[in-house]
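Quick one: the structure is below, and I'll ask about it shortly.
By written order: A, B and C. Residues from 1 in each chain.
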Amino acid sequence: MRRAIAFAALAAALAACAPSVPGSSGSSGSSSSQAPASADRLTIGTTADVVNFNPLVGNSRTDSWVTNLMYPHLTQMDATGKRVPYLATEWSYSEDGKTATAKLRDDMKWSDGKPVTADDVVFSVSAVQKEKFGVVAGLITALDKAEAVSPTEVRFNLTRPDGTFLDNVGFWLPIVPKHVFEKAPSVQKFANDANWVSAGPFKLTKVERGQRYIMERVDDFGPGTPAVKEVVFRVFPDVNTEVLALRNGEIDVIGNVLPPATATDLKNDTSVKLQEIPSLGWAHLQYNTKRKPMDDVRVRQALAHAVDYEAIRNIALKGFAKSSNSSVLTPSLPQWTDPAAKEYAFDPEQSKKLLTEAGVANLSLNMIYDQADPNIARWAPMVRDSAKKAGITIKLQGLERNTYLDKTAKRDFDIYAGSWAVMDNPPANLGLAFKSGGFINYAQVSDPKLDDLIDKAQQSLTVEDAKAPIQEAARLISDQVYDNVLYVETFNVAHSAKWTGFQPMPSELLSILNPLSLASAKPAGS
Amino acid sequence: MTAVAVDLTPRQRTWTSFRRNPLGVGSAIVLILLALTAICAPLIAPFPEGYGADTSQPPSAAHWFGTDDIGQDVFAQVVWGTRVSMAVGVSASVLAIVIGLLIGVSAAYFRRLDTPLGVLVDLSLSLPVLPLMILVAALAGPSVRTLAVVIALFSWPEVARVVRSQAMAIVPMPFVSAAKVVGGSSLWIVRKHLLPGVIPVVGVSVVLTTSRAVLAEAGLSFLGLGDPNSWSWGTILHKAQQSGALASAWWTTLFPSLAILLLVLSTTLLSVAYNDARNHRNGS
Amino acid sequence: MRFIGLRLARGLLTLWFAVTVTFFLVRLLPGDPVLAVADPNMTEELRLKLLADFGLDRPLGVQYIDYLGQLLQGNLGMSFRQSIPVTTVLMDRLPWTLILTASAMVVTILLGIPLGVLAATKAKGWVDRVIQLTGVTAQSLFVPSVGIFLMYVMGVWLGWFPIGGAVDLDATGFAATLSMLHHLVLPCLSLVLIQLGGYVLTMRTTLIDALGEDYVSLAKSKGVRPGTVVWKHALRNALLPTTTIAGLQLGTLVGGAVLTETIYAYPGIGRAIYEAVGQLDFPVLQGAFVLLAAAVVVANLITDVAYGILDPRVRTS
């Protein structure tokens, strides 16, 4: 009896494993490595599955890559982080800054034929506002109410002037179809794991969990028909196997950012092309300002002088990193940067002097970091070794990711080593990171002067107006060492030389996998 | 089966037989060399730390096993890795043996404990070990000590099983009953009669558990659950994987892998040779 | 019948033990599942709401009883991260793990028994030594290293096998089955390598013992051909311990499958477990463990029954 059950299970398993994929023919795999690329299919390697198909919830990288191709945003970003049209054609604030308006294009359609309208935008933003979830919830605190003025115009009524609102909503909020999502009792818990109704350049047609995600092009996509018929995301365990598969011709693009050593290695491979992508974030050390003796600015400055910034950029990052001159206004966003910013010099003697002034001897601190982050795992020991030269002992605590997140959230550390991925709008981001009680204010900064400056910048409706206060805030952060910015990484993304036409955009999130880039990708020489 | 002089003690006979097995002797020598490497690591190579100018260099006269992506010497890493890998292997094994001995012997000697302990052993054996180790290692945080304890925690049941079946054969022996009649304390009987009887089986277990522990350590470290402050062979592989160098910088993968193979293989061969030698003895 | 009943009771006990151990272990994991699910940029209010949604705000005991109750009804709960039932998550993955482990087991046994017999009949000869040494060496390999090596040599250099994955996208019908087998070769080979040694050595040792037994000598003296002696008489007895190993090894096999699936991007349960640990997805983790424990229990039951068929003494005792 038992045995019969076991056999039945096995038989069922075997049957389940012979999937039939309708409508396609030919073979892929190793044999295709010699053949020229055709516009039929672009295969992208990723190292994780899509965890959640609900674009309002999913927050892993693969989630974003796939859902970004399905659900439009109001705006895109150009190479310098400036917003450019996508679903919205134009957007503006009222005089008093308490109303924001966005005009939509009228040629976008959901895959079930219904048009994408202002109602969908209002529904998406209101769902997040009501149920308070995802990245967007923390960015729309100024929103009072969103309403559809006409099918192609949305008005956001704000409780206070907020010059960051449109940038944030435009870039971060995916627009979901109201007529599908409103049927779910809770939008947040809606799994959206089948029968997708989408409006991006590609639509998801088939999911084989743990293996691949198959997306087909949308022929009547408003901004222009994609050149590639089909985009496939394939799941790999790590970047090592992705590189093997790329060399083997099994995939055309490695979605993940390459570790610096791999990038150096692939540079000499003529069958592979590397694209440099600027990061919108930065890697940094934060000192817990609520713990003694790091509440003393001289101690924090001593720590800042005890880091060999050049060595970290050149050795650990293999030169794929830029200095941000110890400023939180990074070179990736040139419209904000402060030319007067200057990096802390690596000067152990200066550190010792500052520590003596502060009356601190035998300083010993712990430093937490996520052990799974390959770059940080590389430079964390370098921070320890250079601090030793200034007589400071740093104990490394390379933690498993969840423990690290937990300790960070509880502010349970002396030194925090990490990186912020996307800091695309300084007034909004500095508010979250350095205002008293901010969500990601890990250093527990509480400085009324800084709070005022950030508030002033947030209320300014143009970059020109916000620039002066935000630059002053950044100088304060640097002088007080509320944040010690180490570098801004230059990401490397690899694709097969058989493909061309990608449009790289900043950050790992957009990279060359953003909707406009994949819509314009085509085989080389065609 | 083989002709062995009658006047030798069993131990001597095993030894004589063992010495004739070239694989066994070779393994023993390799193990001794590895142990020496572990102990004398500071004399052989400086502790791998900091960074060097020659990054990702293939093996050369200056760097026998090449360098990794921040210019550290892979040879030094492997030498120091021997220390941690062997330490974890041996301490996990010792711990597992102690637990296994205690439980196995008590199950055999105290009849009332046999059923519950037997069930416990069976239950523990039917848990999926590596996934559970991943869980516990994530739970306890990465350190060499954690690894050893975690591995021991999931290795004792097999030792207990072997010990119990061996001890079961000894308990009904006339000399044990005699000792009981004479009024020997349980502890004394266990120490005097049971332990000497099961030690030979345990000898094999020590070796096998050590090799399994070394593999388990490598597996956990490879998955990123190792100790970031020390070098083990699994850690070297993990760092190579993180830097995307597994396939391109083959030397960062090959040498630690060979080290693992060498240690595990020689321990296994040693136990096989030892078993064979003992069987010869029984057969004569 | 009573024997099977007892075994069944023991199996259920094992299952309960596994459920309980993993239930509490999982909840001891450091970190906050809510943090792992949602963006760290969230309000305290939202955090509490999510905790309540996941049922994690209640006392542990209540959660445990509730979980057991749901489990009895076959309900494994909802995945924290994916908002879909755990059963769906696992059923997507289960077939692949079954195919991988079952094929590895079959190949191992098909290779292991004849090799063991060969080694035993040629005991002490060079064939025996080569077989033993190969078996032991294979057993000592570190799965990830072997994986990378095989993929590099057989995949990139020779181009014989694909890099990772389980089946080609375009294959249909018979071609799909072929493609599945094509993808299966390398991961299966890795698992077979690390398992083979155990089978060969056990087979060899027990067969050598059996060949020395009285009834075998008797058969020999009666003039039964040596081949028949080995295959008919001795082998039957030697199969017993091998069956035990097959049952016992299932746990190891599953462990090996975690690493193997991770290396070869094989979409099975093992990989799902590894991912779920990282995501603190308690329901998925627990569900996977329940499933694995159940698999081991069932396998042990089958082993026991097989044991009974092979050796009538067990049934009566």
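Note that a residue touches a chain if its C-beta (ideal position, glycine included) is under 8 Å from a C-beta of that chain, and two chains touch if they have at least 3 such contacts.
Note that the coordinates shown come from a computational prediction; the quantities given were computed from them, not determined experimentally.
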Find the chain most remote from chain C, comparing centres computed as mean CA coordinates.
-> A
Comparing A-C against A-B, which pair counts more contacting C-beta pairs?
-> A-C
Distance from the CA centroid of chain B to that of chain C, rounded to the nearest Å?
-> 22
Whole-Å distance, chain A centre to chain B centre, using C-alpha means?
-> 44
Separation of the C-alpha centres, chain A versus chain C, in whole Å, is 38
Among the residues of chain A, pick out those that touch two or more other chains and give their numbers.
-> 240, 244, 400, 402-403
Within chain B, the set of residues that touch 2 or more other chains is 138, 141, 241, 246-247
The positions of chain C in contact with two or more other chains are 29-30, 148, 151-152, 156, 262
Residues of chain B defined as touching chain A within the complex | 49-51, 55-56, 69-71, 138, 141-142, 224-225, 228-229, 239, 241-249
Residues of chain C defined as touching chain B within the complex = 10, 13-14, 17-18, 21-22, 25-26, 28-30, 129, 132-133, 136-137, 139-145, 148-149, 151-152, 156, 197, 201, 248, 251-252, 254-256, 258-259, 262, 270, 273-274, 277, 285, 288-289, 292-293, 296-297, 300
What residues on chain B touch chain C, complex-wise?
-> 23, 119, 122-123, 125-132, 134-136, 138-139, 141, 211, 215, 218-219, 222-223, 237, 241, 246-247, 253, 257, 260-261, 264-265, 268-269, 272
Chain A-facing residues of chain C, complex | 29-32, 35-36, 38-43, 45-46, 49, 53, 81-84, 89, 92-96, 98-99, 102, 148, 151-152, 155-156, 159-173, 175-177, 179-180, 182, 262-268, 271-272, 275, 278-280, 298, 301-302, 305
Residues of chain A defined as touching chain B within the complex = 238-240, 243-244, 258-262, 264-265, 311, 315-316, 318, 371-372, 374, 377-378, 380-382, 385, 396, 398-400, 402-403
